[in-house]
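In the part that follows, the structures are each spelled out as structure tokens.
Consider the two complexes below, in which chain A is the common component and chain B and chain C are the respective partners.
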Partner chain A sequence: MNKHLKILEFALSSLSRRPCKNLGITAVFSLVVFVLSSILLLTHSFRIEALRVFNSSPHVIVQRVLGGRHDLVPIEYIKGIEEIPGVGDVTPRFWGYYYDSYVDANYTVMAAGGETSSSITMLEGSFVKEGQTGVCVLGRGISERRMTERGGVFILTASDGRFYVCDVIGVFSAESALLTNDLVIVSPEDLKRLFAIPEGMATDLVVEVHNPLEVATVAKKIKNRFPDTRPITREEILATYDTIFNWRSGLMLTVFTAAVLAFCILAWDKATGLSAEEKREIGILKAIGWETSDVLELKFWEGAVVSVLSFLTGLGAGYVHVFFLGAPLFLPALKGWSTLFPDLRLLPYIDLYQILILASLTVLPYIASTMVPSWKAAITDPDAVMRG
Partner chain B sequence: MILHPGIIALFIGSFIAVSVLLYGSFLGFRILRRWDRQESSEEQLSLERRTYLVSTMMKYVFWLEILSALLFILTVDSLHTIFTGAMCATGSLNANPVGWKVLYLKISMIFLSGVWITMNDIDQRTEDLPLLRLKYGLLFFILPVVVAERYLEARYFLGLNPEIITSCCGSLFSEEGGGLPSTLSTLPIRPTMVVFFSTVAAVIIIGLLSVSLRRAWLRYLFSAASVILFPVSLAAVVSFISLYFYEVPTHHCPFDILQAEYHYIGYPLYVSLFGGSFFGMIVGITEPLRRLGSLDPVVGKAQQRWTVTALVLVAVFTMISLWPMLFSSFTLKGYL
Partner chain C sequence: MRHRVFIGFIIAEAVCLLFFYLFSLLEIERRRPEVDARRELVRVLMLTDLAVWTEARYTRHPSQADLFSPFQDSPSSIEHFPAGSLIAPPWRGGRRGGYGHHFER
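Moving on to the complex of A and B:
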């Protein structure tokens, strides 16, 4: 044991004797780890965030599909769906997207009522009450872009070209940004007028199922009874999000594997190109009684120190980048398509699995690429080296 | 094909492992053909130098194999969220049944890797490398196993389709499941408990005797008992140990205990079981090697150490298994 520690000590001093070369490789190594860890941590916390958000979403959403496109669903379908055993409340939802050309942003406009009001509690001001028209509640992002606060007015252009003016009675708090940043809540009556939704129609239906195990069966029955609908279960949404985030991070990782490869070539090159002084050093070590295996161990410790140092630096930098700075470098590529991005504060989260993946992607290739050069250095013949 | 970070990491690992192993086996073959300990030619010297390279590379590959088994389980477990009907690793493995073969091969590779690393280790402690032919010969036996494992692993991940509705542990590890998992789940609890605890007791008693008396036949016996302990313990985990962790008398899954809900207790449980069985086995495997060259003192010392390590790990495994039986309010009284 003592011998190994001594060799480690020697490795440390040998590294510090050549600071430039070793700092160079450590810096590049850290950079590679930093990039990969940022991608991994970011997508992983997105998945966690999505999971948290959608856990409170409705069991089944029923949309109507017309010619393969999403269409308005007749409210009379509710009766038919409610007759299916195991189904709880069925409520219509009214919502739509609105493009605001003044500030170049897309909003999600939703009608108050049903699950909208119960799931959103993070609010400054008051919410749209039943029967109240001409008022609205805004997300933080919209309120900032349009520079209206509580007490101000908010103007939208309706489908018929007329202006629709409403009083801002509340603004969502910043904590709920992921859900509410681009959200406008108005009354159902206002919304129908705004988007010209015909009477007796809704955007989609929200179906509650008493027993979570029966969700898939209920969805199938809805599809059988109303063949023109598309029931979407919560599980499906979650699985889709999971796949999307895995796929995105996988894609980015694949792209950056090229960087790992380039780094491996650099590591190989650095490890092969021993200076005359280093060669002499190994020669002397062997002349004073070091075995080939001892020199190999020395090289192993040098590699280990460089790996651990770079890995921790890179991972730490990635952690700060993602969780404290909001991942400015990768967010646009990984997040989504909306124009009005919420200012995300991700929950710091890291687990052994992420670290293991990161190590497999960086440290393993590094060790593999320095193996042969280390051996070549270790079998140096003392006699040949010292004679020059 | 699912572009999951874990899958990419495993693929990169596969590529490195197979290429390094192929190169190492090639070098090993050349060394085997020309090796002559008595010779003092230039060629023999260069071969001796190459043995260092082969040993380094193989140690790397086999540690990589052990790590990849862990990464595989973690990845398969984390993939379950994308399959309808999957709740843990069982569901993901059922989504493409070739995954089960990969799992079995990975478990075998843990033991094979351990054996090779140990043999290499004791061999390098001697001057005359008496195990050289044996360990390089073993490489040609291990090479096809690794290639098969990595090939099936690639087929497993490439064949995964998120559309598949899979069945999970609730149906596989139950009376209706069929096959080995179902048989294990329906093992009568009381007799299984008796067999499990007597095997553990036997291993510990023989181990203690072997450490103090230092007899060859005791070491063989200890090794055999450890070999038996492994399947018996796995059966016990499926049959009753898992029930205590889930606190559900009908849930027999050996994978769910790896999840966060059960505080990842499966990892220390399986690591101590694998480690305990391995160090027990290796005591017997190395016993006949003591006759070779200058190995006797090296192996003798190591065997004592391995026996103690095995005993500690088996004790840890037993304590983790016993913990919920003794200290949780859950009881299987009605099922015994």
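Moving on to the complex of A and C:
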């Protein structure tokens, strides 16, 4: 044990003889781990959040597709869908998009209201009650952008050009912003008037299936019975979010790949050879009686000191960046052109498997790339090594 | 002497990370009612998507977007919303295919 500690002491002395080079490598290595761990933590947290909350999304959503585009669906389809065995309630949904030119933002306007809404707790104020018109509930993002609070007035322009004025009776809480930031909730009557939705039509239909195992079969039967529809199952919604927030997707993969490549260049630079000074040092150690195994242990410690220190520093900084600071460095890329981006209050879900993979992809290759060229030098005759 | 400082520093960092991990477990447990409330919100309002990217139909509701939305009005037009770059179609056994798994239908 004492011998290993002495070799570690020697390795630290050896590293401190080249402070600029080794501090530089440690800084770059930490930065690479910081970027990689930030991506992994951020995407994993988003993914788990989406998968958990959308686990209670509708079993099947039935859209009507006309000319390749989403179109209004006739409410009379409900009768035909309810006849399919295994189908429970079929509910029409009324919703649409509204572009607010005053603040350059898109809202999602939805109709809701009824007895079930009493279970909504993430709300300051009250919710739209059945039959209550001329009122609305706003998402936190809209409330802040339009500077309208509960008790204020919210004005939208209806499809016929007239102003639709409603009293703000509630604002969704900040904790729900990931789901409600751009939502405007009004009564179904108000929404139909706002968007001029013809009587007997809905935006889409929500189908409840008694047995969750039969959802795919029911979706297929709906498609067979109404060929102009497109049923979207809960599984597909979950699969979509699993894909979007998978670290192997899209831009995240691009950033991830760039960071991995930067690390590969760093490791490759180490692996392609030793400097003349390092070779001479190995030659002297061998000449004064060090075994090859001792030299390899020294180089192992040198690699381990840099890589373990960098990994722990990078991982800790990544955690602070994502979960304490809200990932400010990735925010410009994440936001895109979104003008109503919610405050990220992500839950710190951590996947230990991903962390272990990250460790094995960074620490181990770096140690190996430090040891391999040293091993080549250590098995050569000391005199030949010292002479270069 | 140096090795003591180094080992002490590594142990301090490891303890710090362990603290972060334990903090995560406690925070997830503490905010469990918040997640349940969001799940209830999804159930009652019949929501299907996160309100993250609001600039286009297919970024606001990626799970509900019609199949041509990412190409806007022409199949050959270039994707122009940055958020679209974040969303890759799922890998489906050797070929790429649309949001969710809708191409089978």
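List of remarks:
Note that in this section the second predicted complex is superposed on the first by the 300 of 388 C-alpha atoms of A that agree within 3 Å, B and C clash if a C-alpha of one lies under 4 Å from a C-alpha of the other, contacts with A are read in each partner's own complex, and residues count from 1 in each chain.
In the analysis below, a contact is a pair of C-beta atoms (placed from the backbone, for glycine too) under 8 Å apart; a residue touches a chain by one contact, two chains touch by 3 or more.
None of the values given here were measured: they were computed from a predicted structure.
In the superposition on chain A, the chain among chain B and chain C reaching more residues of chain A is C.
Of the two partner chains placed by the overlay, neither chain B nor chain C lies in contact with A:Thr157.
In the overlay built on the shared chain, the residue A:Val53 is in contact with chain C alone; chain B does not reach it.
By the touch criterion defined above, A:Thr257 reaches chain B but does not reach chain C.
By the touch criterion defined above, A:Thr292 reaches chain B but does not reach chain C. Applying the stated contact rule after C-alpha superposition, one finds that A:Tyr97 touches chain C and leaves chain B untouched. In the superposition on chain A, contact of A:Ala239 is made with both chain B and chain C.
In the superposed model, A:Leu183 lies in contact with chain C only, and not with chain B. Once both structures are placed on chain A, chain A residues 235-236, 239, 243, 249-251, 253-254 are touched by chain B and, in the other complex, by chain C.
Against chain A, the residues of chain C that register as touching in their complex are 1-3, 6, 9-10, 13-14, 16-17, 20-21, 23-24, 27-28, 31, 34-35, 37-57, 59-64, 66-68, 81-83, 85-90, 99-102, 105.
Within the complex formed with chain A, the residues of chain B that make contact are 2-10, 12-13, 16, 20, 49, 52-53, 56-57, 60, 64, 67-68, 70-71, 74, 78, 81-84, 124, 162. For chain A in complex with chain C, the residues that touch the partner chain are 5, 8-9, 12-13, 16, 49-50, 52-58, 61, 63, 65, 68-70, 91, 93, 97, 105-108, 110, 112, 116-117, 119-122, 139, 141, 175-183, 185, 204, 206, 223, 230-232, 235-237, 239-241, 243-244, 249-254, 305, 308-309, 312-313, 315-316, 319, 323, 333-342, 347-350.
Considering their complex, residues 40, 43, 216, 235-236, 238-239, 242-243, 246-247, 249-251, 253-254, 257, 292-293, 296, 352-353, 356-357, 360-361, 364-365, 367-368, 371-372, 374-375, 378-379 of chain A touch chain B.
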